[in-house]
Amino acid sequence: MIQEKYRECIEACLECMNACNYCYVSSLKEYDLAMLRECIRLTRECAEICSFAAESLSRNTPFAQEICELCAKACDACARECGKHEHHHCKPCEQACRRCAEICRSATAVA
Amino acid sequence: MIQEKYRECIEACLECMNACNYCYVSSLKEYDLAMLRECIRLTRECAEICSFAAESLSRNTPFAQEICELCAKACDACARECGKHEHHHCKPCEQACRRCAEICRSATAVA
Amino acid sequence: MIQEKYRECIEACLECMNACNYCYVSSLKEYDLAMLRECIRLTRECAEICSFAAESLSRNTPFAQEICELCAKACDACARECGKHEHHHCKPCEQACRRCAEICRSATAVA
Amino acid sequence: MIQEKYRECIEACLECMNACNYCYVSSLKEYDLAMLRECIRLTRECAEICSFAAESLSRNTPFAQEICELCAKACDACARECGKHEHHHCKPCEQACRRCAEICRSATAVA
């Protein structure tokens, strides 16, 4: 019921999407909004790309390599940004992004 | 790390997306392709809508009610179509769709 | 090369998506960020829904009615929020949203 | 009201999305469905990616380069497949894909 070869990657993308969106929604409620501009932008961007990647992989896209690379780059950027902040929602987002980037890279790596 | 109130619904949508996309990819490889036209169309359609619903709920969309209703209708239609076929990928897709429709409806039901 | 019956509606959705995303990107750069929280959230939300609607209509979705209603509601909410602000990017966004809501409603209205 | 630097690219992506979806819907109605398996799969895939690219560019994504490259590859593959068929909907789809691939490549080319 799932593209077996991409199962781990799909799950990592969906966890990352959830963490990014949670961070996005939480950031928009913070008092110190101005310092979170990039965080707001990148969490939404990364959530979109993770969601797109998961859906694409689940339909066994012929462009898995390119989509996983794109997703890994978005996760890198989002992890870097969230790593600058001490908010309770930024740390788990950073971790989910780092894990997703790693799994995306290994999912399509040539042996 | 996830919108708690929608957790069950998000997970049902993502399972349904996977089942629909698996059925879609498998249908496109079948010998008796002509009888699967509607199945191909509706599984892709339902997968798109489930993916959109999951992403929207995970960012706590203000339009949860409307999106869940849309998703439930797409799941109903896809379940009905897959229920007509005996292919090994149609049965689990039908089940995932029925379950997702039910959870989407209860997720936003007024008490 | 386009679903003729939905041509006007697809075009209105895409114009609205562009106006919402422009307003979103511009809002994130404003000095008075705190008063734009809802604007940031709703413009992104509306852009997503408009994009989803346009893509769905262009593949002649069987759920046009529900999707157009959803899109009209998102446009209403975004127009209402942008109407509260004097920023140069909020006025055209409000107008695009009002126009898109109207066209979405007439696109699927029963005669 | 639109990200000016990407205007041509966004418009090419949206035209290509429409041409791909029109070809997809039309292919699913053809008598000789079996020979159109790849066409059905690639037109849907390409439409998804074009739609995602247009939405991403309209929010001035930091990943424009990667997304345009992905879109160009999907357009190449879809154009190649549609170029094999004589159906009335395949020719305009092939042309829209070739044009979109070219514009995506030039949109992000380093001088």
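Labels for the chains are A, B, C and D, by order of writing; each one numbers its residues from 1.
One rule holds in what follows: contacts are C-beta pairs under 8 Å (C-beta built on N, C-alpha and C of every residue); 3 or more make two chains touch, one makes a residue touch a chain.
These are the chains along with the protein names UniProt gives them: A, B, C, D = Four-helix bundle copper-binding protein.
Being a predicted model, the structure only gives us computed values, none of them experimental.
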Chain pair with more C-beta contacts, A-B versus B-C: A-B
Length of the line joining the C-alpha centres of subunit A and subunit B, rounded to whole Å: 23
Sites on subunit B at which at least two other chains make contact: 44, 48, 55, 59
Contact graph of the chains (line, ring, star, complete, other): complete
Residues on subunit C engaged by subunit A in the complex (per definition of touch): 28-29, 33-34, 37, 40-41, 44
Residue ranges of subunit B touching subunit C (in the complex, touch as defined): 42, 45, 48-49, 52, 55-56, 59, 61-63, 66-67, 69-70, 73-74, 77
Partner subunit D, residues of subunit C touching it in the complex: 1-3, 10, 14-15, 17-19, 21-22, 24-25, 44, 47-48, 51, 54-55, 58-60, 92, 96
